[in-house]
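Down below are the structures I want you to see.
Each of the two complexes below includes chain A, the first together with chain B, the second together with chain C.
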Partner chain A sequence: MITDSADPARFRVDRRIYTDPDIFAHELRRIFERTWVYLCHESQIPGHGDYYASYIGAQPVFAIRQRDDRIGAFINACSHRGAVLTPRRQGRARTLVCRFHGWCFNTDGDCIRVKDEAEGWPNGIGREKYGLTPVPRVANYRGFVFACLDPGVGGLADHLGAARPFIDLLSDQSPDGLEVVPGQQTYLIRGNWKMQAENGVDGYHVSTVHRIFGQAMGRREALGDNADKRPTEAGRIKGTVASGCYDLGHGHNMIWAGRANPAVAPLFEAEEALLQRFSREKVDWMLRRGRNLFLFPNVQLMDQSSTQIRVFRPLAPNRTEVRVYCIAPKGESRAARIARLRKFEDFFMVTGMATPDDLAALEDCQIGALGRQARWNNMERGLEMVTVGADAHAKALAAEVVSSAARWDHETLYHGYFRQWAALMAAEHTAHGD
Partner chain B sequence: MSSAQDVLPGAVSLPVANASLETQHAVEQFLYRQAEILDDRLWDDWLALFTPEGHYWMPAAPEQMVGEGQPNIFYEDHYLMRVRIGRINHPNAWSQYPPNRTGHVVSNVVVEAEDPSSGDLVVRSKFYVAEYRNDEQRFFAGKYRHHLTSGPDGYRIQLQRVDIVNVEGPFDYVLQYWI
Partner chain C sequence: METELYQQVRDLLYLEADLLDRQRWDEWLALYADDCVYWVPAWLSEDELGDDPEMQVNMIYIVGKPGLAARLHRISSGQAYAELPLSRTSHLVDTVRILASGEAAVSASAKWLTLSVDARMGKQIRGGWYEYELRREAGALRIGRKKIVLLEDVIDGAVDIHQI
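This part shows the complex of A and B:
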């Protein structure tokens, strides 16, 4: 389903991977249940009993802050008859009470109460046998919490690999760390999850699909003094700034583009403080380059006009749920936070002024992919100009990337992503819990 | 009256002012006209409904009291509304070719408060909207609360708070402009 060759230089992808129900079912088992999947940010569950409900592929799970301050995760189903235990997406429950028959669980997943335990069960119920089913692997990288249903998966740090220095560019923005700003929005798209994954790091579409957003941003500069709404990213849409993209290995990838007007970015107030802690090169990465980072398979960390966590969940071959959160450095000034929120609303919220056209584009691609007799997506742009390994910008962060491109509108960043996809799909599923 | 944000928090009480029939009629006509302007995409008329410092505000949570501190679904002044109109009108807007269409119904209009000296009003109402786009129809319902200033040219919107029933989503597709 993927043509990947050096001689002749080819890279193309069968459009069936976006539409075929059997492939989709395999993806849930072979990718989502076997690799690290992003769950939440630690700031969303700060205290004992704070939980966050989500999914790993099709399986409902929740992360919860445990008594010893560690973060655990469990399958979100009562051990008795399987009812979901969390009443809300996010909340606090030091004791999780099943609303069906009243069984109770503590934050370690132990069953601590069975209603009318003394009678009715042959030889007693033995509630110590009825703890919640843990998600076998949970790990935190710089505040971002990931989980894996496969106990045999390698370590999270190794999995993130060359993406780590680029996550650090977010996590290091405040000595106090990051916080997810209250509130979230969710939207559903009529497209495959991979279309969302690809669109979020597609530099090539920006100057066509978002030309209108660029013009709208340009209007802002002419509309007088609105300090909190002035754009940083208009240059990248016009294509007048330096840019690039990276294949980060293990399916992760990233695009970046210079900010024509970095001084109006919310973080700019912290420049001096950041220079006390980090190299000029690293601070330039934080302040002077907007970045879209994709962590395979289900999250994008955006640091452009504002800062966003975008999590997606596959629902069907042609249906994907997208949840968006604003993430921000703790302790930033009120003016910076206001600017960050205004820019978040107009670009990243469900009302964002670029999103409607992104979704129109990928929905039309989803329909086009049904045209089986036109089989291939060409992903070869930049193939013969790519740099193997790190360019100077990546070396400044000691990021051991797989390949670098000097333009963000090249498509070489997708190659490692499809190779990771293909490698996971080819391996037999080692069943656990079956 | 105090600032617009102070008079339009998420209301738990449901006050009713002793408004005259004339006031009730005038404000209903104003709300109907706003709905018509939106359905007919009369953008200049839309902007003219708002005072120079007027805002259209759709909180992202029903308990939200102010526009700051967390992302809103909409929190737009004239400046941002003009940017949005520029986007909608652009000939290359993929999501506007073909354009969506809406039909608004506004009802249950109650004058909550009336300032006897200025004539300014706080008004709540209910809306129901059908939107058609790309062979699909979807519906929105919710509550409007308008803080209206009264002047020689009639009412203007100082703040419109929109509490949409499905505020937490998920939204099927996104929102391109105001409900």
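This part shows the complex of A and C:
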């Protein structure tokens, strides 16, 4: 499926990995059910009983804030006949009541009530045997909550590895932490989940696909836009700023591009406060380099003129659900929040002026991948110029990256991602509940 | 018995929809006041619609005509990947009601359905409600504020302003 060899330099990918139903079924079991999958941000479930319903691969789960502030996760199915327990995507339920037959569960997953128990089970049903099935591993890294269905998986911090310092660049933006801003968008794309994973960290498409975005913004500004908009940073669309990309290992990767005008970034107001807490190098990373970070296999954290959590879920080889949230530092000024939100709507929404073009491009790749007579995707751009290990910018954060490239439009960042994919797909399926 | 004002409001809403379907963008834009607000709130949850456009994520929130002009530029440029070819649309606007009318302004609401047809997405029907603040300017009505409620909270494909 993947040709990966150093001599001659070659990295290519069989387009069948985006279209084949058998490969898709294996991905759900071998990747999504075996590695850490992003669920939600802790600010979305702040109080006891707050839940967030999601999926790990094809399996419905929910995360819930338990007593003592812990976060747990369970398979979202009543232990009786399997009905989903959460009426909404997000809500609060200190007692989860199954709406089918009325069985009740507490936030630890214990079955605390069986309707008409004495009548149907005169000797008692043994409620203690009917707790909810827990997701065996749940962990929180700097507010971002992940879970894994495989109890034998390694620790989350090890899994995130070299991506951690780049997550910290978000989590450290306010001493009070981050919050998900009210309002979200969910959309369905006609593309494989990996198309979404790849598009979000593809620096190479920006100057073609988003040229029209830059033009439209230029037109708005030229017409004397009087709304709460800050000028668009056209530099990264035109490719005139410094940039780079990293293979972070374990399938994670990242692109970055310098901000020609960092003062328009919503976070810029916090520069002095950040310098009190962190090194100049780290604050420069926060303020002066826009970043798209992909955490294998299902979430992207974008920190550009706005800030986004983009989480996706595979539905079918050619269908993916994508949910986007604006995440922001708690306590930022009203003006910064407004600027962040308006930029979010312009670029990151499927009702905006950039995301629809991203989707159309990846959906065209999905169609093209059906052309079996033309088999290979070339992913070699930058291969002869790549730096093994960390460049100076990554070293400033002590990020032990696998490789560094001096342009964000190189494709070497994908190599570790495909290697992780191939390694998980090749490994024997571990026996957990099969 | 339809009042003259009701006819005037209804005709404006029908005209606006028809200009979008005919892709007569400049004439459509001319219906809006210079300081217009064009707002499509996002859903906060399955049954709660956004109500604070400044401080929440919206699907679209445009204040002032330049923002609308930029969107028209993108969809009509032939250079936006998603808009080539541009979808064909047909709006149905009905259930027009006048909610309030004063010396300077009129509030009205309506329901809408749009059929969009394009090569990428096939046939799609989207729908919802409109709320308008219309201004009386030199004997005519101009759109000061338009709020579009899009009923979908999970959106299949992309949506642009000619489709809602």
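FYI, the second predicted complex is superposed on the first by the 421 of 434 C-alpha atoms of A that agree within 3 Å, B and C clash if a C-alpha of one lies under 4 Å from a C-alpha of the other, contacts with A are read in each partner's own complex, and residues count from 1 in each chain.
Operating definition for what follows: a residue touches a chain if its C-beta (ideal position, glycine included) is under 8 Å from a C-beta of that chain, and two chains touch if they have at least 3 such contacts.
As the structure is a prediction and not an experimental result, all values here were calculated from the model.
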item: When chain B and chain C are modelled together on chain A, clash or fit; value: clash
item: Touched partner set for A:388, first chain B, second chain C, both or neither; value: neither
item: Chain B versus chain C as contact partner of A:90, first or second or both or neither; value: second
item: Which of chain B and chain C A:351 touches, first, second, both or neither; value: both
item: First, second, both or neither for A:426, with chain B first and chain C second; value: neither
item: Partner chain(s) touched by A:118 [first = chain B, second = chain C, both, neither]; value: neither
item: Overlapping contact positions on chain A, where the chain C interface meets the chain B interface; value: 181-190, 209, 211-213, 215-217, 219-220, 223-224, 226, 229, 321, 326, 337-338, 341-342, 344-345, 349-353, 355-357, 359-361, 363
item: Chain A contact footprint on chain C (complex, rising order); value: 35, 40-46, 50, 52, 54-67, 69-71, 73-74, 77, 79-83, 120, 150, 153-160
item: Residues of chain A touching chain C in the complex; value: 88-90, 181-190, 209, 211-213, 215-217, 219-221, 223-229, 321, 325-326, 334, 337-338, 341-342, 344-345, 349-353, 355-361, 363
item: Touch list for chain B against partner chain A, complex; value: 58, 60-61, 64, 68-75, 79-80, 82-84, 86-87, 90, 92-95, 134, 168-176
item: Complex contacts: residues of chain A adjacent to chain B; value: 181-190, 208-209, 211-213, 215-217, 219-220, 223-224, 226, 229, 321, 326, 337-338, 341-342, 344-346, 348-353, 355-357, 359-361, 363-364
